[in-house]
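Shared between the two complexes below is chain A, which has chain B as its partner in the first and chain C in the second.
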Partner chain A sequence: MTETALRSAPKLETAARARRRPKAQRVRSRPARIVLDVLQRTWLIVVVFAVWWIATAESTNVFIPSLESILVSLFRDLSNGVIASGAAYSLGNLAAGLLIAVAVGIIGGLILGETKRLREIVDPVIHFFRSIPQAALVPLIIGAFGIGQGPKIYTIAFACMWPVLLNTIDGVLGVEPTIRKFSKVYRIPRGLHFRKVVLPAALPQIVAGVRVALPIGITVMVVSELFAANKGLGFYILNSSATFMVPETWAGALLVGVIGYILSLLFIVLERRILSWYFKSGAK
Partner chain B sequence: MAIQAAPEQVQVATKPLLHVQGLTMSYGAGDSENKILNDLNLEVNDGEFVSIVGPSGVGKTTLLRCLSGLVQPRSGTVSVGGEIINGPHRDLAVVFQDYSRSLLPWMTTLENVAFPLQGRGVGKKERNETAEKNLAAVGLAGQGHKYPWEMSGGMQQRVAIARALAYNAKVLLMDEPFASVDAQTRFDLEDLVIDLQSSLGVTIILVTHDIDEALYLADKVIVLAEKPATVVDVIETGFGDHRDQVDTKADPRFVEARARILHRLRDH
Partner chain C sequence: MKTSTKSLDWGLTTQRLLAVAALLAIWQVVIWSGTLPSMTPGVAALASSIGAALTSATFWSALAQTMTAAVSGWLIAVAAGTVLGLLIGSVRALDRSTSILIDFGRSFPVLALMPVVIMLLGATAKMETVVVALSCLWPVLVQTIYGARRMDSAVVDTVRIFQIPALLRFRRVLLPSATPFIATGIRISASIAILVAVGVEVLSQTPGIGRQITLAQQDQRWDSAFAYLFFAGLVGWSIASLLNFAEGRILKWNRQTND
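Moving on to the complex of A and B:
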């Protein structure tokens, strides 16, 4: 009897808390909350830009142009299509590279995660390659595979693959043992076991790996266009800096940062969608 | 269930559905060998409800792992319907102790119940119908769209039972299935399992450390004790199909059997 009472006590407490919580939230109206939320997320950016604007307004240093001139160049080149075509090329490479990295990383990770023997053999190689600064490999890969679009995509794919691969392996190793026993006892065929048991179980980790791969991909995307390129955001940055168009160089770098930020926001939306069970179940 | 006055003769007439012969299991080898089960023999007839009871750590879980084909015994055999098993078997379904970990949180309740049927190649329409039917059988009609984590512990364990029933195995193995729910839910689940067993005629082997539960549920209680574990007693309960949480547990036969099991466990 006392055992029952003890066991149900924490349940009662959480139930009471759950009932109280919505009341506390209802104090502020929804629109007010959204405004506050947006303010909280944006005030720092506004302050940084304001300080930047004021501090560089009178700048005479060639390498530190005023923010005004940077933004003027940025909007000029955005509107006349110089950047747009470059950005489209770069982002196309990034998308293709990421896609390859995710496909190879997940498939490789599932196989390596499930086969201990293979994992032990390949492990040192994985850690060797992932420790190499990926940007340093760009000239080698372009030198070896040529100057076209393909090698740029491969370098992005190569760099982005490691976090996806390693996280997938971790995710597979972390699959709940009871779930594995269930799959075995109920004789779930191998293919179905991979697709419907191991993959979803490892998905939160895999998605975390892709999130890490995203900024790596953006960096390598830019670096890959610093070698043997005639278009792309990296080329825009390199070319403007080589011709002393410093505001354009800054504008290019700024744009890459903004793109990175937007992509990470889009990624969060995607993550919430494909892992809705994970967030809702409170497993996180 | 069947009249067990002369067990030897009954065995000749009807072969047991599940037969364990000389089962020995140990982990490790050489000097560090840890023997868990020693020359264990069991017989479970078709439609019978058998409880296996014993103190914690006696090797009940190891026995269940052998029965479900998850591990191979060192020696001895487990056979179902006359066929010696050497791995997970079509005629054996398991209800795990930890319902919250054995259900897949990324699938709805209906998908969870239907999933093992998909593995067997049953078409979508048919497996969903079967899943719906079995969810209804455990008192969860129309709840298939919910996710397991939207349900209470007792309901989750009902889903796990529905999943095992939908698999339509001849033998249901239950590993301390009610150990992690509160007392009232536990009584409800016990009665549910008794009802299901008598209405569906499925054979159930339930492992528990709770002597009352073992006696209340089963037609036959097998008592495990000693290290390594072996069968120290077999008790036919003889309560029939109708049982009541209060009356059955106050039945003199119940009280007597409980005393007998406690003595057996104390003596070993």
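Moving on to the complex of A and C:
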């Protein structure tokens, strides 16, 4: 059977090629296909922008400025550095908060994931803290600790910690039992066991947790600045809305959205990098 | 993490209670030690203001306002998200065309739009509902698209070969296969609904639990601010547990959802 299969293979291939060829001529060349694909993916964005532009061009409503004026003020403040300094401040807070959250979440998750009893005991407490609306913490933390940078970072860290923690626990629980036993049989020291066995195995889950935490962090970042701040993107939005600079308010809100989108794209790139061995293995 | 459903494990329950007691004790010690700002309430003050909130009309009306806005926004999002998602997910061209827009929308921190939405609609319950709906739409939409898109090629072929009419295909093939994903989206968005509703109230003059937290904090009534925070967490936690339970029940036939 194998023999017939082997012998007929080249014949089949030529037949297939012969059948494909006329079709291949009809299908457009590779660059054209890419252009078509890009067009298919982007036309709607262009249409949305065009509709928005045209619909608001003649707007007389003070609160709905024309898209043109929004973009003009956006580019003006982008080029004169007003936004850049605010964005640097906000994103710095976000990065610091996320780093703390990731560190605490991973360490806590590794410990809780490895000790069943402890995990079961603190489970309700964790789920309660996770359920506290992050935005509701903002007035309390800022009220107690002031409008400085530290309280904002802590709030972001607190809000982002839970998804990382819970996902790390899930990841640790998902470590292949055989691998676990191996590590035990060979008496791998505890530190090495955590670093070289459990952590890599849990990494895909941990990264997924950070992916969930990222938008939460961005939201808390903006909310903490919208509530009370003297710097940052949220402050830019708040300040311009308080001084009735309507196009700037719109521009700030849009910019935060774009930043959120870019960060999520960057994170996907980072994820591909960190987990390249995982994706390569074809695991799902 | 799944809590074990063996309902009467007294040892575990006691240990859990002990853990909570230990946390409260640490809290109290930290306050006595004076490392926290002086306005942070002690455990006794906190307990009494939680009790006081339960008997006050303000609390119940605030809770009702928050829940109304959260639930109505959530329902709108679920309806719109499911319909749009099924449509987008089952039409390949639509799926491709909308992908960037949807990726953009889901990563948009909707609360950043608050000042803009307040300008347009004012600090009203309607505004809150709109913001909640806008935030809840994305998880439902993305999950539904995912569910509708992901169909076994064998199933697709079978449907085509037997020339199953479109409506029947939708009702008996597409919907059941997408339901687990939709359910997950609905569950995720329910938690988001509470979070966003409270967030809107914290940031604006819209009445509700979040507003009460801000007001209490501004009046330096820290114990009641913490009490409201506690209730906000409690509501979020109950809703999450309830929906988790419901999803497990309704989708018992589907083993894949239990990761």
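Quick note on the criterion: the second predicted complex is superposed on the first by the 243 of 284 C-alpha atoms of A that agree within 3 Å, B and C clash if a C-alpha of one lies under 4 Å from a C-alpha of the other, contacts with A are read in each partner's own complex, and residues count from 1 in each chain.
Following the convention adopted for this analysis, contacts are C-beta pairs under 8 Å (C-beta built on N, C-alpha and C of every residue); 3 or more make two chains touch, one makes a residue touch a chain.
All of these numbers come straight from a predicted model, not from anything done at the bench.
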_Under the superposition described at the top, does placing chain B and chain C together on chain A give a clash or a fit?_
fit
*After superposition on the shared chain, which partner residues are touched by A:W43: those of chain B (first), chain C (second), both, or neither?*
second
*Can A:V138 be said to touch chain B (first), chain C (second), both, or neither?*
second
*For A:F75, decide between first (touching chain B), second (touching chain C), both and neither.*
neither
*Which chain, chain B or chain C, is in touch with more residues of chain A?*
C
_On the A-aligned overlay, A:K184 touches which partner chain: chain B = first, chain C = second, or both, or neither?_
first
*Tell me which partner A:I169 touches in the superposition: chain B (first), chain C (second), both or neither.*
second
_Closest Cα approach, chain C to chain B, once both complexes are overlaid on chain A (Å)_ = 18
*Inside the complex, what are the residues of chain A that reach chain B?*
3-4, 7-8, 176, 178-179, 181-182, 184-189, 192, 196-197, 200-201, 203, 277-278, 280-283
*asked:* Which stretch or stretches of chain A touch chain C in the complex?
replied: 37, 40-45, 48, 63-64, 117, 119-140, 143-145, 166, 169-170, 215, 218-219, 222-223, 226-227, 233-234, 237-238, 241, 246, 249-250, 252-253, 256-257, 260-261, 263-264
*Going by the contact rule at the top, pick out the chain C residues touching chain A in the complex.*
1, 3-4, 12, 15-16, 18-20, 23, 36-37, 39-40, 93, 96-101, 103-104, 107-109, 111-116, 118-120, 191, 194-196, 198-199, 202-203, 209-210, 213-214, 217-218, 222, 225-226, 228-229, 232-237, 240-241, 259
*Which of the residues in chain B end up touching chain A in this complex?*
68-70, 88, 90, 92-94, 96, 98, 101-102, 104-107, 115-116, 118-120, 147, 149, 167, 182-184
